[in-house]
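Think of it as A, B, C and D in the order they're written, each chain with its own count starting at 1.
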Amino acid sequence: MAKINYKQISKKVFYLILPVIFAFLVGAILIVVSGHNPIEAYGAMFRGALVGKSALYNTLFSSTPIIVTGLAIAVAFKANLFNMGVEGQMYLGAFAAAYVGFTLKGLPPVLHVILCILAAVVVGGLFALIPGVLKGRFNVNEMVVTIMLNYVAILLTDYLTNFVFYSGEGYAATYPIEQSAYLPRFMKTSQLNWAFIIALIMACIVYYIFKYTRLGFEIKAIGHNVSFAEATGMNTRNKAIIIMVVSGMLAGIAGAGEVLGVHHRFIAGFSPGYGWDGMTIALLGKNNPIGILIAALFFGILKNGGSTMELMVGVPRSLISIIQGLIIFFLAVDYLNTEFGFMSRLKLMFRRKVRG
Amino acid sequence: MLEAILHTSLRMATPIVLAALGGLFTHKANVLNIALEGMMLMGAFAGVLASFATGNIFIAIIAAIFASMLFALLFNVFGITLKGNFIITGLAVNIFAAGLTSFVLQVAFGRRGVFSDPKIVGTTPVHIDFLDKIPFIGPIINDHSPMVYVSILIAIAVYFVLNHTKYGIYVRAVGENEEAAKAIGIKVNRIKYSTVYISAILCALAGVNLSLGNLTMFVENMTNGRGFIALAAIFCGRGTTLGTYVFSFLFGFADSIQLRLQNLNIPGTFVQMIPFIFIVVVLSIVGAIRMIGNLDRGIKDE
Amino acid sequence: MYIIETKNLTKKFGDFTANNKINLQVKEGEIHAIVGENGAGKSTLMNMLYGLLQPTEGEIYIKGKHVSINNPRDAINLGIGMVHQHFKLVPTFTIFENILLGDELTKGIRINKKKEIKVVKELIEKYGFNINPKDKIQNVPIGTEQRVEILKMLYRNVDILILDEPTAVLTPQEVDELLISLNELREAGKTIIIITHKLGEVKRCSDSVTVIRKGEIVDRVETKDVTEKDLAKLMVGRDVLLQVEKPEPKIGDELFSVNNLSVTNKQKVRLLDNVNFAVKRGEILGVAGVEGNGQSQLIKVLTGLMKCTNGKVTYKDKNITNYPSEKIRKLGIGIIPEDRYKHGLCRNMKISENLMAGYHDTDKFGSTYHYNYKKIRDNRDELINDFDIRVGSADGDVGQLSGGNAQKVIIARELSMNPDLVIASQPTRGVDIGSIEFIHKQLISLRNDNKAVLVVSSELSEVMNLSDRIIVMYKGSIIGEVNAKETTKEELGYLMAGITDKREVENDG
Amino acid sequence: GDNKNNNTDTDDKDTAKDKTFKVAMVTSAGGLGDRSYNDSAYEGLKKIESDMNMEIKVVEPADVSEGEKYLTELAKAGYDLVCTLEYGHADILNTVAPQFPDTRFAIFNIVVDQPNVTSVIFKEHEGSFLAGALAAMVTTDDSIDKTNDQKIISAIGGVQSPGIDKFIVGYEEGAKYIDPDIKVLKGYSNSFGDPAKGKELALVQIDQGSDVVYQIAGGTGEGVFEAVKEKNVFAVGVDSDQDYIVPGNILTSMMKRLDMAMVMLADKLQDGTIGDENVIELGLKEGTELSKMEHTKDMLKPEYLDQLEEIREKIVSGEIKVTDVTKE
């Protein structure tokens, strides 16, 4: 076993925190420009996201859906399959969960929840089967197909919600699900619910798949070098299909969590882009479930703290996405790798100068 | 009827064509540019602001290009110099652009959502007399905003640059085998930078076409996913200039058909799916045909 | 006065020192060979001279002048050109586009293709190569790629030409031609540095030799003063068997057979045409042929990378036609693919992972649903030890290994699974002589154990040393079969060139 | 809970005079800047601040799932009246409102049955009926240079949903009431923020003979206005008075007086009557109406306006029943 290199670790932490500080500094300037006090604003953000039980719970709540979409995307991205359709798969999964939630009646709670999630898993997976099969059988670019199918999924659920299962309550939502299909909350004053536990379980499962199973090994190999994977007997065509389906299943679970834990019905257009956030999170977390948990938590803090900042200080909503964008910029950079290049380049320039 | 549909298609396709042609450069240099959307939005926004401030469409275009290039600079610094991940950097550009446009509207102009004003000058459609004499084709390509003609010229220019100039060869060499390009002394990063700047310029034009060509206003997030459609068009067209153009046009075409079908009282939702399903079907058919007689196993990296 | 001189040139990768205080000296107008084991640091040294790597310490003098070479452009400006071990060509570009890349001829801003083709044609003729400037790189054999790389440098009028293992991928005829060309270039006043593992070539063409071991120069000698054996000893540090001993074969039952195998591709080109042969237990069957005559396709079909359009493959009386590689390996067939980094290994994965790929679903590494990391690590350490794989860190990626050691990873993986049959393609390409000896020993001991080997190699001496029987491929079909002990290089050469009636002619006469 | 609630109400009545009330508003998903629904409510809020001296606050949640946090935090922060413009917050109010019995909540367009929640319902279909009737009158009127002789009008919705169809169906019924032969073209842009699409959709409809285009599509509608300006036909605005956007080409606007509704709520808050009536329906009489048509009035024949008034009365009296598709 390699011994722990504290210098290396502290360097890592330093380079992780540096960009965040930088982004917040730029953010502070913009806060001043918009006529607010940055200390007050960031204070509100910090308190809203981290201080007190309900604040912490709300942060975890905000990170719940993106943990799962992040995992869904990581499974595909790690195999170099660009599943950009997690958003759409999540919508259909959510709808399936809602459908089972309001049609089946009189079931015991746990069973009902499990059935709802299963439905979401199946539907999410089936929807991802389309780009999977097209990729696996005809080599059709999965990125294009999934982008296109997102639109189809959203339109389809819109239609089903508005015309087939319309609640008649005046807004684009289906009938409410049965109480037995609810994912219970942990406390009354926070929306955090069992969906978070499910997200954690999914992270563990994905971690296990990546690390200990044949599928995980093959995902890694396919991601690094398809020809190698094929030559070492991984049947990449079928694997592409399977990987897309697994990714779609996870997306379905993300949707089910929202329906069963938050809205308790399907609301048309409920997602503010969890699928896209998941993409950033998967990449920031380097397709690693632990990294994804950390990145999602960070996003949760930003989102939850951001809304407190608006509520308490009145900082415009758009500023929060600016800060978010800035932080992502800085985090996108692999500082540890670039650092060496940067330093050696500096040295080289220095040497050249000295020599004249 | 067909003439009218094609006329509309051409107009609706133009922003996608421009953005896709821009994205084609980065695609060729093997830089996945998800930021098309954000750059386009910045272009649309800066164009409207400059037009509002000066009343001059040329200044508006230059401002749009400038703003879009600033974002390209961000993309380059973080994505290429600092070796960040292209997808994340691109997404960050998009989030940042959306945030910044509405922030500036709100803080500097005290407006929200929509920015329209009689002072904003747009482009006026061009009528070319001699086109009247050509049946069928004439009515399709006549009476468009100048940007539509510019986009056709740009398509030809892009074809020429990519296939017949030194620069084009370098871009392709960098995209296909970076090591080979490096080994011969081509400044790989400089080429990559430049492709991002070119895509920013064309995205700016696409944005201006949206906000000042078809309309004279800015609406928050008015690009509405066109950047992603452009990206899809590049992939559908397999990275060729003609293919990219054709597929961008097909998107416009399918969309304008869809608009017309809606008025025939067919349920709206399903009609609206047409463009997206259409593309998937076309790609599947093309893919299936390509697979005939294929002997290799395994999926391919494209 | 040396045209190239380095002083204490050192290169470190992290904590690992690849080159340590190297003082290289090359005279103007000579052919200077650099030899050393895999991983000795030869490529690293050359990459520093060509500006692809920056030295950690030390200085470079070109024509007596102290220089700093920051990129290939600088190197070319100083008159240094390099042909890399792993070619750096753009596959979808044509030969002329690749040669002129970076120095295109234009008319206004437009590239003048006509003129480019003409110029390149003249260049090709000047050096007497036999290639078509309008072919795309992706469609030409690897030997042609080699020439394109050389032409690329010659076009740039370099005085110093560095060739990193240029002969590893060439056929014997091609090697002969290349060595002649090099001689001509020297005559024309150019200085040449050549890296090669083939000591015969060193003897044939070089004037002086530098031997590198573990990142340090061991010796610099005049070629005429040393024998191949001396060089080998200098390199490895011990005596090396240049030819492995082989007892008489004990031929057993038929193990593997190929009947009427044909492949017609999408473009209706017949890549394989009615190929028939069988491999028996206890023998090594060699497949010889000039590259591009269907050997690659044959191996691809037999190892499950490509489907055949006709014919039958039988193994242990079982029809395994068009089996994917997964099933083929399960049946006990070991696969050593032609393209090391494409089909054999994954650079970005760990050594331990590469050592399990292909067998990653066997219970050797735990169960399908749970890998046992201790078993995986033990397997790695065992194989590194057994197969003498030289690694900087056992925990690192395969990409950090030198070419020869990377090849050993494949050999170790496939042979450690106790296969009954090994299908090996170019098993020792780019491998140093010590390792060649080792790999050959392994394959022969397999044969001695009543197992079988099918080996494809463009290296005639390898085929002849290793095989018991040799079949020769020509234009997609088998043109002849000879007994390895009785045949001569000439006979094989004729067959490889498609001439079959030679023997009959002789007999008649 | 009910008793206690009544008690607080009486308490409020006593202190009403010297207390500064605090009113908060939560926008719908569209957010501020839609120049219709949310903006109209915000107008009302600003009036409350300036005319009634109340403390106001407006916030914009990023998505529906944040609604609960916003409503809870605002209630906690001591706002006396917390209004939400998002129909999707109905379920949330059912959870949050009981936790804050002393806070008054208001929601629009949907009924939430809680003692401390006021639901304000707009009968948009009725206003739309009037707009449709007017459109039918002008579409063949050759004294107006903006219309043709074809009996075709049209409507463009942001998304296809009962919430939007409520407007369109009312519009269609109004038109058919005037002339059963009128054809109403319908289109949806699949987005509330795609003006380019809105313009194209409108151009297609105009091309097919429509000369009055009703937009119920938020930012997409901005493109519709551009199209009618370019083709010199009529549009009909929605939610707030949009007539000024393209003067002369916007026939009228079907106004949902959210501003008035907000002021009304604040009034009731001030005099403590807000708990009296938990569901307030605002039809043609109280809160849904056509704009004053400042820029187009002169083009219209006086009898049109008379006829509109007549229809209006019939709707108010119940003689004409307009379908509300959301209630099916």
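By our rule, a contact is a pair of C-beta atoms (placed from the backbone, for glycine too) under 8 Å apart; a residue touches a chain by one contact, two chains touch by 3 or more.
Protein names from UniProt, one per chain: A, B = ABC transporter permease; C = ABC transporter ATP-binding protein.
This is a predicted model, so every value here is computed, not measured.
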Original post:
If you check the contacts of chain A (ABC transporter permease) and chain B (ABC transporter permease), which chains show up for both?
Top reply: C, D
Original post:
Looking at CA centres, what chain is most distant from chain D?
Top reply: C
Subject >> Rounded Å distance between chain B (ABC transporter permease) and chain D, as computed from the means of their C-alpha atoms >> reply: 36
Original post:
Where the centres are mean C-alpha positions, what is the separation of chain C from chain D, in Å?
Top reply: 76
Original post:
Where the centres are mean C-alpha positions, what is the separation of chain B (ABC transporter permease) from chain C, in Å?
Top reply: 45
Original post:
When you check chain D against every other chain, which residues touch at least two of them?
Top reply: 31, 160, 190
**OP:** Could you tell me which residues belong to chain A (ABC transporter permease) and also touch two or more other chains?
**Re:** 155, 158-159, 227, 229-230, 235
**OP:** Enumerate the residues of chain B (ABC transporter permease) that touch no fewer than two other chains.
**Re:** 102, 267, 269, 272, 297-298
Original post:
Of all possible chain pairs, which ones touch?
Top reply: A-B, A-C, A-D, B-C, B-D
Original post:
What residues on chain B (ABC transporter permease) touch chain D, complex-wise?
Top reply: 4, 8, 11-12, 15, 102, 105, 111-114, 116, 210, 214-217, 219-222, 224, 255-256, 259-260, 262-263, 265, 267-269, 272
Original post:
So in the complex, which bits of chain A (ABC transporter permease) are touching chain B (ABC transporter permease)?
Top reply: 30, 33-35, 80, 130, 134-141, 143-145, 147-149, 151-152, 155-156, 158-159, 226-227, 229-230, 235-237, 240, 276, 279-280, 283-284, 316, 318-322, 324-326, 328-335, 337-338, 341
**OP:** In the complex, go through chain B (ABC transporter permease) and note every residue touching chain C.
**Re:** 160, 164-166, 169-170, 172-173, 176-177, 179-186, 292-298
Subject >> Footprint of chain B (ABC transporter permease) on chain D - complex, ascending >> reply: 30-35, 39, 154, 157, 160, 185-188, 190-191, 193-197, 199-201, 203-205, 207-208, 219, 222-223, 226, 245
**OP:** Spell out the residues on chain C that touch chain A (ABC transporter permease) in their complex, using ranges where they run on.
**Re:** 54, 68, 70, 303-305, 324-329, 335, 337, 339, 342-349, 353, 356-358, 360-361, 366, 368-371, 395
